[in-house]
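One chain, chain A, links the two complexes that follow: it is found with chain B in the first and with chain C in the second.
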Partner chain A sequence: MARQLKARSAGFAALILALALLGVAPAVLREYDTQILLRMLLALVLAESWNLLAGYGGLVSLGTSSAVGLGGYVLVGLLNHSILPLPVVILAAALSGAVLAALASPGLLRLRGLYFTVGTLALAEALRLVMINVNQFGGATGLFLNRDPPALGALVWIAVGLLLVTLLVMEFCAHSGVSLLLRAVRDDQDVAAQMGVRPFRVKLAAFAAASALMAAAGGLQALKLGAIEPYGMFGLRWSIDTLAMVVIGGLGTRAGPVIGVVLVMLSGELLADYPEAHLALTGLLMMLAMRFAPRGVAGLLAVLPARWRARTTGA
Partner chain B sequence: MSANNPLLATHNLSKLYGGVVAVDKLTLAVPRGSVTGIIGPNGAGKSTLIGLLSGALLPSGGTISFGGRDVTGLATSERARLGIGRTYQIPRPFLDMTVEENLAVAQWACRARVRGASARGRRAELLRECGLSDVATQPATQLPLLRRKRLEVARALALEPQLLLLDEVGSGLIDAEITELIALIRRIGSWGVTIVIVEHVLRIVRECCSQLLVLNFGRQLAAGTPVEILASEEVATVYLGTAHSQGATAQAPNAQGAARLANVAANPDALANAVSAREPLTVLVAHRPVPGAPAVAGAPLLQLTKVSASYGQVRALRDVDLEVHSGEVLALLGANGAGKTTLALVISGSLPAHGRVAIDGIVVSRTRPGGIAALGIAHCMEGRRIFTDLTVEQNLRVAARRAARPEVAARLDAVYTLFPVLAGRRGDPGAAMSGGQQQMLAIGRALMARPRLVIFDEISLGLAPIIIDRLYETLALLKQAGLAMLIVEQDVNRALAIADRACVLEHGALAFTGAARAVREDARLRRLYLGEAD
Partner chain C sequence: MSIEAAASSLVVGVLLGGIFSLTALGLSLVLGVMRLVNLAHGEFLVLGAYAGYYLLTVTGIDPLLGLPLIAAAMGLVAAPLYRFLIQPLMGRGVEAPMMTMFGLSIVLQNLYTAAFSADTRSIETGYSALALNLGPVTVGLVYVMGFAISIGIVGLIHLLVSRTAFGRDLRASAQDAGAAAIVGVNVPRVQMLTFALGAACAGAGGTLSGLVNSFTPASGAAYLLNSFAVVVLGGLGSVLGTLLAGITVGILQSLGGVLFGDGYRDLVALLVFLAVLIVRPQGFMAGRG
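Here is the complex of A and B:
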């Protein structure tokens, strides 16, 4: 117990140090690299939250874009039309994600498995169409940010803060009884109910938390761009990219999102001149992961050393 | 007993599935602290009743009250929180968790009751009570069926229920294990938990229950003390089978059923309606190897030489030798975990193994299950394994894909003649069938391939005695038609009554083998099954 605690706090210290380094990085890195870093941070927030939903809660969502887009629009709208300070606006963007989840939950969370997935996709598409067709929200051209956006370095700092919050939420959900409840509902919702678990509440909590984090990330994305339009902010790309990163990295594992984000984004940078090749490679990796490594690269890393040891001692 | 203030009561409780009435205006009362048994033929509505009480199913009419409170409209999770725990007939553990975590779910969901260190202690205690201490940290996926059943009980107890609904926890257990289970149920009762048992194992009902309820077609047929009920003529006709009417001891139904079976086997005309069923059996039973398949003249139909198999690190079979000749019936006996089902899986090619498996003298050790099936070996798997989303007829057709259309039609007719109840429900989905009908369907499906040898794995699991009688009568007819069979069965008497030879597995190795009659008399068999000292 004491050793576990010590390991845990050592892990936390390392994490804080890493996050601090990330925060300092903009001072050292070139502008382009800092852009990449920011994209990675946001992708990591999305991947972690999606992993909470799909990996731990069994809610495989294709609606990442709805939270991202909504967060972006709420942030730009509030910054343009109110005098609220930026931190409050970011919080409001996050809150909008949670409210969206709560409003959609009576319909969506009663759907199971594939039907839930299709339902989230429908929600995302519906939101995108609303944004395109309602002129008050800028229609197809979108909205411009009136205020001056923060400097790139400051954005990285905010993103690091958001990532820290995300990791704390994940830590709580993956290492306490909450993880038991989530996994019970994921494995067999009916049996979970028979054990006194309230499946709807558990799913709603995960859905709202993940959507809030995603919406906050969407807000930061809008802040970085300075101008938003519905095709980009509500694009299916957010949902698919996030899913691909987590599946490759390791669905339902703690390390999965980090590994997936780094692998996919790194290969993207290496193949920057051949975007089609990157897309094909990501697709191929995903197929390989689904077929041979249902727990992704993280799952392989956990299993392979033991297998090697078994082979060397066996031979 | 305070009959005026029962813990659980239902009033005119009904459940309809489409037009089918599963539970029909049932009114019952379960006194606090009692152990109530519910018996009845398959399809009588017992599992539906458990579903209604636990909240998994919504009633079509009537009310349920628990502890004086109307809980009819209450969700499953809320009923669980009030203290209604249940087990599932087919275990449904959280496969992705360890055994101990499975118990922790209920404790976490209802944190108000048990928490912290005392929760961990309580888990250890429950695992010890249910005989699962040694696998506490193992993933639940690794547990075999019968230990999963124990996990069902332990997990339901982790809820600290006031009322425990046990749905067929005794099926598939051998006598020694049933003795343990009875002791466990009594201990749970002594903690003050009220228990409702749905069970086909009469010994459990007789030794545990203070009151007994018989359901038939969703209605209460009889109620009273176990002694009264088990002696009743009416109950005997619908449930126990006619042979049982005067017997009330543990071995009686089996022994008498077996005697009756032996009678059928020796004198087929004794069973008037069975004679008409014998005619079409040639359509379902092949005598010769599949044309074109290689064969060694004079070789046994099936021969295993030094066959071993393991699950990961666990050795499940060690150097097993056995033979089945054409038209021969071999009973495969042994305690739970002895490796019987593993052996069945190895033969049908579903599980890779070391050693030599030969059909007609040709080694098939590396042949896939489809290839083995094509050679005329059918496997009627443990737990029925029917396709629940397919209709009855589709289930049957799946097994006869290779046959020509008129041939398939003839086989379907033959299966429907053998099991008329299936004919009436040919368009219904497999999931809608009762346990007995599902088992008939599983047998019918195995026969649709027109096999030479069928492996029947635990076909009596979870079925009413009268249904088991009927199934074994069918098997006797198939034997007459010349079908070779490998019968895996917990009910030793039934298996030995129909078998020519028997082999007994112990800890994955062949303990002894011989003519069925000789094995029946063997003291080693009694020791194995009854747990008697040497």
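Here is the complex of A and C:
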């Protein structure tokens, strides 16, 4: 137990150090690299939140784009039409994600996994079509931000802060009674209900928390762009990329999202001139992971050294 | 909009709905028999549309005459997909095969873009512009033909499921795969044939969709969601329920288009889907374990 605590505090120290380094990074990095850093931070927030839903809660969502898009639209709308300061607006964007999850929960959460996945996809596409067709939301051309956005470096700091919040939420969910509740509901909803767990509430809490974090990330994305339109903010790419990163990195593992974000973004940079090839490769890797490595690269890294040792000592 | 135009629009809705029932049938069969949400179903439909398009432009064969060919080819392609992608994952929960099919959908969509370009296409035959005048109502001939063919195929599948030995095995596997295996049903074989049958339906339905509407490599998501709306509305395991649900969704889409503008047509199917999930939260798989 003491050893575990020590390991955890060492992990925390390393985490704080890493986040501090990320905070300094904008001062040293070139503009392009800082852009990539910001994209990675936002992708990591999305991947961690998605892993909370799917990896720990068994809720495979194809609706990342609905929270991302909503957060972006709420942020731009509030910045344009109110005098609220930026931190409050980002909080409001996060809140909108939680509200969306709560409103959608009667339709999406009472059913078993199958319908949740397609339901989240339907919700995301429905929101996109609403934004395209309703002129008050800017229609197909979208909205422009009226206020001056923060500098790129400041955006990175905000993103680092959001990532820290995300990691704290994950830490809380992975190492407390919450993780037991989530896994109980994921593994057998009926038995969990028999034991006095309320599956609907547990799922709703995870869904709302993940959606809030995703919406905040969407808000930061909108802040970075300065102009948003429905095809991009509500694009399926958010949902596809997030899912692929976690599945390739390691579904339900703590290290999975980081590994997945780095791998997928790295291959994206290498294949920057061939976006179709990059996406096809991503899909292929997902299928391979499902078949041969259900816990992704993180799972392989945890298992392979032991196997290798067993083979060398056995021979 | 005049009364005549509105009436024509509604008739077109019914006719499109018939095609929807065919495009949704494959999804419904696969979901019912193997509890698999085939997230690549939309891409199967898009492949059917491209098959019809290239059959016509390259060989000159009429896509309606080539329909059996397209369906057979899709079935033949789908059988090994089941064998190598899905069967190894059976028994590992519903998520693993579903996400595998999602990976396949991403691969296929990007292969289409690379191979066929991202251009919007539609299948233009010699009779594509012909219209039928039935009293005050005017509808395109392709809608009527697509409807008739779809109804015919759906009817045949209904007979296959309800009257044949294969259909009996299929229904047994859908109800309880374990019990079916005990009484001697070769469940993996039934599942493979069902998957192939679903893909064949998607091939034919995709070609018909390509005849009546334009499509792109990215049309799969809209096709999938439209089909899924029909499936949840019609209920699983009922071929005739799928037919009625398809026509209902077609009518509602046309109503949405007439009342709010064409931009809302796709939104209607999504709202139907979400509404059914809220109104019937127990789902249509309740009571089936």
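Rule of thumb we're sticking to: the second predicted complex is superposed on the first by the 315 of 315 C-alpha atoms of A that agree within 3 Å, B and C clash if a C-alpha of one lies under 4 Å from a C-alpha of the other, contacts with A are read in each partner's own complex, and residues count from 1 in each chain.
Here, a residue touches a chain if its C-beta (ideal position, glycine included) is under 8 Å from a C-beta of that chain, and two chains touch if they have at least 3 such contacts.
No experiment lies behind these values; they were computed from the predicted model shown.
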| item | value |
| --- | --- |
| Joint occupancy of chain A by chain B and chain C, clash or fit | clash |
| Touched partner set for A:L162, first chain B, second chain C, both or neither | neither |
| First (chain B), second (chain C), both or neither touched by A:D188 | first |
| Chain B versus chain C as contact partner of A:L180, first or second or both or neither | first |
| Which superposed partner A:A126 touches (first chain B, second chain C, both, neither) | second |
| Touched partner set for A:G196, first chain B, second chain C, both or neither | first |
| Partner chain(s) touched by A:M245 [first = chain B, second = chain C, both, neither] | neither |
| Greater chain A contact set [chain C / chain B] | C |
| Of the stretches 111-119, 183-191 or 237-245 belonging to chain C, the one that collides with chain B | 183-191 |
| Residue ranges of chain B in contact with chain A within the complex | 54-56, 75-78, 80-81, 85-86, 88, 92, 94-97, 101, 104-106, 108-111, 155, 158-159 |
| Chain A residues within the chain C interface of the complex | 54, 58, 60, 62, 106-108, 110-115, 117-119, 121-123, 125-126, 129-130, 132-133, 236, 240, 243-244, 247, 276-277, 279-280, 282-287, 290-291, 294 |
| Complex interface listing, chain A residues touching chain B | 177, 180-181, 183-184, 186-188, 190-199 |
| Complex contact set, residues of chain C against chain A | 31, 35, 37, 39, 85, 88-89, 92, 94-100, 102-107, 109-111, 113-114, 221-222, 224-225, 228-229, 232, 260-261, 263-264, 266-267, 270-271, 273-275, 277-278, 281-283, 285 |
